[in-house]
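In what comes next, subunit A is part of two complexes: it sits with subunit B in the first one and with subunit C in the second one.
For the complex of A and B:
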């Protein structure tokens, strides 16, 4: 599936992308790329409806987080607004046994893994540094240092090969998420080299949301990102990142190739960061409103809704119920975030080393002694 | 013309002056152009000096410093911005293995007048990698100079001195003090300026010497005010230069006061305080009334924002150390 340069939707960038659902909600039956890969989806009406529900839900949860941040309940929030289709499609494409390595923005992928959406809020509220057990959830911890996780994902994928867990439909595969900006990091390029050399069962999923904070894509690359893969010796393909069906179909195929032993691939999901980089950012300083407006017309949820409506798969009763259910989830999330206790300060000395350290233990004891003197003086 | 401006604005003015006074000065980093940097330290500079002199780089710190080296060999004077302390490590190889050693390796033929600006320290309620104090990791490397400013006036002067210096300099900026205001003489000439690598007594005193730098200078000054109420007259020294250390100023003070307390946010183990304690002990042994004490971050990764107040040295911990020193 080299280069995906076949299907050019009306709104596609030069070179085209795989699109199975147009911004107007028209289904494209299937797409065959230059090298003969054919992409399609074969969903029941209920499955389409569940994808729609996912999209609406992750957007609603994200909006709640943005509100919580504005109200001072979170230190910072990295919104996924606009990237729902890329995340839900690829996330749903994972099989149970697959492992995901996120950045700090993959709340939508996290949700599709069946994980309680509150999980990353410890990090954003500042009560922990983003702690959970990656192996329990098949979802690594969020990674903030740009690009690092692509190497971790590659190593994990090498381990799958070493364990002999590839070569058939039950094999395991890995997906590594990262942004357009991350593609400039040495780590990401090394991950490409390693996965190529070791034929690692990995899918590199780049959400090209057109910006790395203030810097537009042109600051990171001269060629479309998906074409970088060719230089590392594995297939690269671009998809309409606002099309949940393309995201699902192409990721599913790439993961299945990986689990079957056919090695790595790169997917560039062409999308747009509709909001600020994070709640600390002010995008009006570096991009114009009309650009944002033009992407609104490509909204991932609106196109799915119009498809479901036109195909008479769903009606307003369904859409209303989805909105209500999402709202209930969001309000429940809000309550639970507000109820998150602040950590006991002394817990900062926990988990520094698996085997502990007498020095840390001594400092913990001194810390407790010192703070006890304050409690004493308060009495 | 003296103006009251923030520390961040003072750096901005200093960088502007540097760009004006030498056409070879270039600024490079992530988001330093249109955005003016995430802390707005380079605000407006790209608009006024152009995209060739204020360069939005690809997102790659090793690339930022590595290409700065090449630009410097070619005669430029790059000022690199690292967005946050925790993001310098992709560039650590270039800084330690190349920037620090080039002059030595080239038998003194190649100067690398590079400034690497790093906002450092905690106290801003941030997520992981945004609150660290890695200064000792650089001060330990021969061939690098390391400085940090603590107030707007020094920020304005020191950044200009650093850019004008032919030594490679890692310039730590106390990010939580970016918004603190102070008076700055914007017309001040560099020739008359206080030397870049000299420490400064920012509050004279007689009873004990507090050695601090960067964000902890303010904390130490506050502690000195509080201590005065207990009748203790503390001297506070802003070290300013972490490598080289201006030990003459430190020794003179400690010989007078007989007590020294080092304050920094970085973990204590092999931090600046370790070096200061060792040298003071070697040189001022007979003047000391108590061992050199350290008030530092703990030897743990920087903790979650909601407990960082308990991690960071504060006024109470400095005063506690003063008490311990006097209780010796």
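For the complex of A and C:
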């Protein structure tokens, strides 16, 4: 394929993007970009099927969470619907030693890191801080503040360099997730500057889902987001965010460049948030129905299913089994969410300092005395 | 575990208090699956479908489409084990298990009420206030907390099921009133209904000052017809007056005493003064003699001319009298004072009074003239009223109200005569001035005005 043309995928925005699986489920062998990078994947049939399973599972868990919120069991939920491919593809591209910094919507990436899907639900149910051990899973806690995790990620990446864990195939790399809206934040721009200047081993993975809550992309930028990277002195590339294969291939390559000491890069995953920003939002107030319909035709799971069917890699038995397994997982998740104990008020003092503090101990004691003056107090 | 479960309307969008049922997607008798959409609800934030929380058969729908339902109220009952046969009606009602406080979020969590009445949400602010729910204190009489939904006793089951948990009505600001969040909080803290205010800020938004002024001004209890009301922004002198009066009324404990006196001789003395050359070019009014009376009485009772200094735990007695004269001007009430009035001769005092009144009426009284008053007179008599109970200007310990001088029947030398009579009202700070001192001071002022020449001769 000729350069330039090669980046233009089916249904691509002006300027094209890297696409290895079209919305119709047609496999594109490889894509070579204008700067000479060639992207492809070389998966076995089972690996394709596992990617499909990931996509279906994270969507099903997400649907259960949305239902739980509507039933009053979660205070809020940020759905990933429509962004499964961007998350699963990039998440599976991470090597074990790579560190990820998510927003509050990266449930798909969380799943690929092997974290129990129940972990973030304490946060959304309001019963705990939603904590897991970031060091154990190499996946930081959810960051609610828009864009601030890109700075944390940049600092972490600079630390990798200082530790000398870089420069070969066993090196470490960092991936920072954020959205199109976050690109307008000062934090993200500072992260770009510092990463560029210090050649930090980091991949900035922007899921451009077209809306910053209700603000459309044209209110964020005059140029495609991936081209911003040029101004900071590192490569930027746009992928079809609904193509799990492109997401995997390009993220994998970018991470490998980073771990080999080639510095940062920006990936713009061009996708669409099919649901609301969060359960507190009503997208019908700012999006027209035809736009949503046009994106339904680009569904990341449907194209994967179509591909697996056409290639006779999988059949309805497999698809049915995947659906059933996902449903079982979702119902199990539901039961566990409903069984989450309400926290005792005094537990708010528990994780303030790793080794305690006399002042916090005194505050806890005072609070316990106060708390005991109410009826129905445990103590 | 009971078979029939009631689903209560959850808070669908961080701090919402109610939702309108748009349409039921199921009807009584329908068999439904877990997570099957059963009802469309529109809240202030979004119209959403609510999925069924349990599989089973719909046994009751509590509210028809078009009803607005409070968060926490049951909206549908589902028989979660219909295969077990028909449910005996009375028992079933008794056995109804209301999902415990689902949707209701503990204070402090996202979606729950935060300290200060603001609702904590992740994206923006909740459009309505929620009522803080608190558990009762130990040892206090329990007032059946509104948020606790307990399983109803069998006898009253039907009634209880039919009545949703009651929440106290809170004044809720209409979404159309523009105001910044800190102003909304201020209004909520001060108990001001934003919808009752006319905003003076950009685009008609309600400002912090608007809220403060609403607090200072008396609130109309019942608004009947807004088109026949005039709203005057409180600012400038009115605002200052309000602040001073409020500050004074609630810091200095006042008492007021009254004395009705025969001022016929004072009026005659005034006539004599007017005929004298020294006063020929001056306007001489009864106020001049009242001022003189006060100044002389202060000389006999210096403690009335003092200030309570709470910060230093002292009473500051002043050896000078900056005599304040309350003046009604177009801008409102001001109280300029005559500096060191005790040292002035009667003519100088008359001149000072004339100047003070003229400047005040022209609206050009400089702030310095209004500062540092030590004792004041308010001449309410010019309005024809008998007297009043004046409020102390901040920092002063006494203020004398001088009522109208009217011809009245009066016992004079053992006979009823028509005499010029007036009533004095003296308010004083009871922290400094006891009833005895206040009474003596007022009596002396009265004595001078009753017999100015005699008092002058005997006092000076």
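We take it that the second predicted complex is superposed on the first by the 362 of 379 C-alpha atoms of A that agree within 3 Å, B and C clash if a C-alpha of one lies under 4 Å from a C-alpha of the other, contacts with A are read in each partner's own complex, and residues count from 1 in each chain.
The rule is simple: a residue touches a chain if its C-beta (ideal position, glycine included) is under 8 Å from a C-beta of that chain, and two chains touch if they have at least 3 such contacts.
All values reported here derive from a predicted model rather than from experimental measurement.
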Partners on subunit A (subunit B, subunit C) - clash or fit: clash
Subunit B versus subunit C as contact partner of A:213, first or second or both or neither: both
First (subunit B), second (subunit C), both or neither touched by A:71: second
Which of subunit B and subunit C A:276 touches, first, second, both or neither: second
Contacts of A:130 with subunit B and subunit C, given as first, second, both or neither: first
Contacts of A:187 with subunit B and subunit C, given as first, second, both or neither: first
Partner chain in contact with A:144 - subunit B first, subunit C second, else both or neither: both
Touched partner set for A:375, first subunit B, second subunit C, both or neither: second
Partner chain(s) touched by A:320 [first = subunit B, second = subunit C, both, neither]: neither
Clash with subunit B (superposed arrangement) - responsible stretch of subunit C out of 45-53, 189-197 or 351-359: 189-197
Contact residues common to both interfaces of subunit A (with subunit B and with subunit C): 75-76, 126, 144, 213, 280-281, 285, 342, 374
Sites on subunit B touched by subunit A in the complex: 30-31, 33-36, 38, 56-60, 62-63, 86-87, 89-90, 125-129, 269, 298-301, 303-307, 310-311, 316-317, 320
Subunit C residues touching subunit A - in the complex, by the definition given at the top: 7-14, 34-35, 45-51, 53, 99, 102-103, 105-106, 109-112, 121-123, 134-138, 142
Subunit C partner contacts - residues on subunit A that touch it in the complex: 63-64, 67, 69-73, 75-76, 126, 144, 213, 276-282, 284-285, 331, 342, 372-377
Partner subunit B, residues of subunit A touching it in the complex: 75-76, 104, 122-130, 144-146, 181-182, 184-187, 212-215, 219-220, 280-281, 285-286, 342-343, 345, 347-349, 352, 357, 359-360, 363, 367, 370-371, 374
